[in-house]
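Shared chain: chain A. Partners: chain B in the first complex, chain C in the second.
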Partner chain A sequence: MDRVKLLEAFRDFFHYGTLDRLIDSYAVIKTESNTTIPADIDWQEEEYTFNRLFVGPSTPLAPAVASVYLDPEGQIQGKVTSQVRDFYDSIGLELPEIGSEPEDSLAYEFDVCRYLLLLIKEVPEIIEAYDEFINEHMKLWLPQFVQRGLENCGDSVAIRDVLGLINEWIKKESEMTDMSKELI
Partner chain B sequence: MKREQGLLKNTSDCSFNRRTFLKGLVATGAIASMPAGILHAKPWERTKYEGGYKTFRNACPRNCYDTCSIKSFVKDGVLEFVE
Partner chain C sequence: MKQMGRGTGNWKRISWDEALTEISQKILEIKKKDDNLLGMALTKYSGNFGITHYGVEGMMSSLGYTTRFVGTPCWPAGIDAQNFDMGNMWCNDPEDFVKSKYIIIWGGNPAWNSVHTMKFIYEAQDKGAKVVVIDPILTQTAAKADVYVRIKTSQDGVLALGMAKHIVDKKLYDKEFVTKYAKGFDDYLNYLNKSVTVEWAAKESGVPADVIRQLAEEFAKADPATIWAGYGLQRHTNGGNNVRAIDALVAMTGNIGKEGGGARYGHLQTWGFNYNAMVQKQPKGSKGYLGKDIIKSEFANDEAQAAAYANRTININKLAESILTTNEPPIRLLWVACKNPFAQDFDRPKLLKAFETLEMVVVVDQFFNETVQNADIVLPSTTLFEENTVNVSYWHYWIGLNEKAIPNQYEAKSDLQIAALLSKKINELDKGSCTFPQITDTQVWMEKEFNDGIHKFFGIKSWKDLKDGPRKAKIASSASWSDKKFGTPSGKYEFSSDQAEKFGHTKLPEFKERRKAYDKFRVLTPHTQFGLHSQFVNVDYMEDFNKEPYVYINPKAAKAKGIKEGDMVKVENKVGNVTVKARLTENVAVDVILMYEAWFKKGDFNVQNVVDDESSDMGTFKTGAPGVAIHDQFADIAKA
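After this line comes the complex of A and B, so read on.
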């Protein structure tokens, strides 16, 4: 399993929101997690469910934004978003169009994890920043997000599958960072 | 050992003690040399320029359409300048 490729595929699955990107990134997610793609996926239905859960136009049932789960009032672009923005800033990263989307959107959080994993290869001490982002931020909201998604995704095959794999991913990364930190 | 809950509590208290270390990565251009993602590497000059300032994004309160965005730079609790 290539951890960077898996993160890129998770990121793309949530970022682009087009059917062809959903299909492509799902294929990579399955390859990188060593599982096979089910044959009976109705992608039109998956696209509808994806939009209902994460996009709109009606209120998304399981928004893929950390603030919704971590802010006491679920306020987006509030304190949580600002703190995630500060974290990106400390690493030297920013959104291409600042203010266009909340920095704590899931796709951006997967992308910062990808950057950190790449950096760890060059500067092992970065594991501490990665550990902090995983264990003191993502792990606090991803399980709630996955739970809400699973409760509302109906008969979806691919989205249910991806949500399950994200849940496994966060558990694994949390355990791995704890172990890796002990080695440094 | 019990973890403190919420990375982001730490950052808000400005006790994110590896921030200086991470800034060093920006200075060396480490991020800029990585394969690009959907987040972009912040230009080093701007990082240096903003160093020490807390930035806020606001809207202009003048009585027209109230839609012009303003970026304000605060140091030691004092608004120093806006963009």
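After this line comes the complex of A and C, so read on.
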């Protein structure tokens, strides 16, 4: 399993939200998770379900934004978004426009994880930052997000599958960062 | 986003480029098929408002001659009434309520819907003014008043006539005003003497004769005295007439042109902008409606058509009916902006059928409402927090900048940005198809709305002065018509109006029968405390206070129907039905049921299921189409 490639695929799955990107990124997710793609996926329905869950135009049933789960009132662009923005700043990253899309959107968070993993190869100490982001942030909201997605995804095969894999990923990453830190 | 089958809830995410390409292709297809663009129609109102939002109309003009839904659902009958009487709709500065000695709030509920005005009314009250509320509903404003008078719905004109008759009997009218500054008072006086008695007015209005006499005498003797005519009382088949009768009452007592007096309805004195975004030229060679037509708007200047062709105009209050019946060519593409027709337009069941006939529906909105549910393409629109524009009022006399406070959220764009992008795209596909300028900075658009007249009126050198805060207009007097020079053909206040007759009404504000009941209970659907028409009721924190809709029914009527507090009931009439929880209250009369208009994001509550599109009597003169008799609706009620 290539952890970086898996993160790229998770990122793309949530970032673009178009049918072709969903299919392509799902294929990579499955490859990098060493699992096989089920045969009977109705991708058209998957796309509609994806939009109902994460995009809109109706109120998303399982918004892919950390604030929704971590802020006491679910306020986006509030304290949680600000904390995540500060974290990005501390590792030299920022979105092109502050205040338009929240930094704690899932796709951006996956991309930041990917960036940190790449950086760890060059600067092992960066594992501290990765550990902080995984254990003190992503681990706190992803299980709730996955749960809400699973409760609302109906007959979906691919989205259900991806949500399950995200749950596994966060558990593994949490365990791995603990172990990696001990090694440093 | 694009919906794969209107109303299915199956949405695909498409880029702005893809959306605008698809829309542009449809526009070009319509032009090719019909040899004109009349098959493209716009329905737009004030749901997302700033002067620059007239760029939506500009976008339509920049594409060609199109079909426009014109008029206003809000206040047209009253606008016409005041124009017949005084030559304009022009109210006193609301801040001068403090100078009043006697205030009648008639058919309005400012304690909920104009909270900022209440402090001036309270101040007048503290200084000793008497506040009277006349309304079919015991409103929050009525609860704050010194006197509440319950009137039979839409019999306001009758009460005003009865009061006028008593003032005549007691010779309490202002002789100087009616002889020097008015036309036709003798005719009016003759009419009152011949056709009106206080007892008749009492029977028709439900207000006891002694109360009518007391109100009339107090009003005539107070100096100054004023009436605030709410929009509710003109939403009737005799609504314009109601306002004219009330105007006459204020005029005959000499209270027009007086500080602290006035027949207050609204004004458009502060609206002298350039309407730069609105005024766009059609592409060369555009064809349209044959014959002259003028798009009227109560706020903006008329879009006069100098060319041989014109836009096709249709009554905004007959959206459903017009979509179903308009031909040669039919309406093929409907563009909806700044408006939520499924919550606000009338006869919702018919609107659903009408939408089925449309080839494409584009909705520009901020929320996922029922209109978006019935769209093919939804374009996400910015809020006022995300754009620069300028706003004035049709009530107070202030001007204020609306400055962009936050970046556009996600992919949302303003109406002007959408227009510019559509122009770019359609010109890529077919050069010369659109004249809308390529300006996407909303501040640039806003700056272009200012002129020397606006600067002078508000005492500013440039729009930048408004960055320090709003400015109030430099008005000579807080009273409208203070020089008694009226805008009517005679230059006087016209108790008798030839113009009114020209538009099919009586010259005098005579009694006009109200709409005949077509079901057992009268249905009232006024404004809620918790929103602005269909807006803001859906906001999370507002839902904390206003969790669900109710129908309000008088306990006596409820008992007769076997309905108890909290029962689910069905309100049903010839238009459709609404199932909702009942609340029992004596705030409404025994023959009235009441539901506040609102759009709840959860559930399918919609009062437009029981409101038809019957026209009010006036509106065509100044707004291009009559209003709607929103409060002349009837239904039966039963346990669900």
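Following the convention adopted for this analysis, the second predicted complex is superposed on the first by the 184 of 184 C-alpha atoms of A that agree within 3 Å, B and C clash if a C-alpha of one lies under 4 Å from a C-alpha of the other, contacts with A are read in each partner's own complex, and residues count from 1 in each chain.
In this section, contacts are C-beta pairs under 8 Å (C-beta built on N, C-alpha and C of every residue); 3 or more make two chains touch, one makes a residue touch a chain.
All values derive from a computational prediction rather than experimental measurement.
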For this session: Based on the superposed arrangement, let me know which partner A:125 touches: chain B (first), chain C (second), both, or neither?
Result: first
- Message: Tell me the contact category for A:17 with respect to chain B and chain C: first, second, both or neither.
- Response: second
- Where does A:51 make contact in the superposed view: on chain B (first), on chain C (second), on both, or on neither? second
Request  = Considering only touches as defined above, state whether A:169 meets chain B (first), chain C (second), both or neither.
outcome  = neither
For A:136, decide between first (touching chain B), second (touching chain C), both and neither. first
The chain contacting more residues of chain A, comparing chain B with chain C, is B
Figure out whether A:112 sits in contact with chain B (first) or chain C (second), or with both, or with neither.
first
Discussion item. Contacts for A:99 in the overlay, against chain B (first) and chain C (second): which applies, first, second, both or neither?
Written reply: both
Footprint intersection on chain A (chain B / chain C) at 98-99
Within their complex, chain C touches chain A through residues 1, 4, 9-13, 368, 372-373, 378, 380, 406-410, 540, 601
The answer for chain B against chain A in the complex is residues 3-8, 10-12, 16, 18-19, 21-23, 25-26, 30-32, 34-35, 37-42, 44, 47, 50, 57, 69
Chain A contacts chain B in the complex at 8, 11, 15, 70, 79-80, 83-84, 86-96, 98-99, 107-108, 111-112, 114-115, 118-119, 122-123, 125-126, 128-129, 132-133, 135-137, 140
Given the complex, residues on chain A that touch chain C span 17-19, 47-48, 51-52, 55-59, 73, 97-101
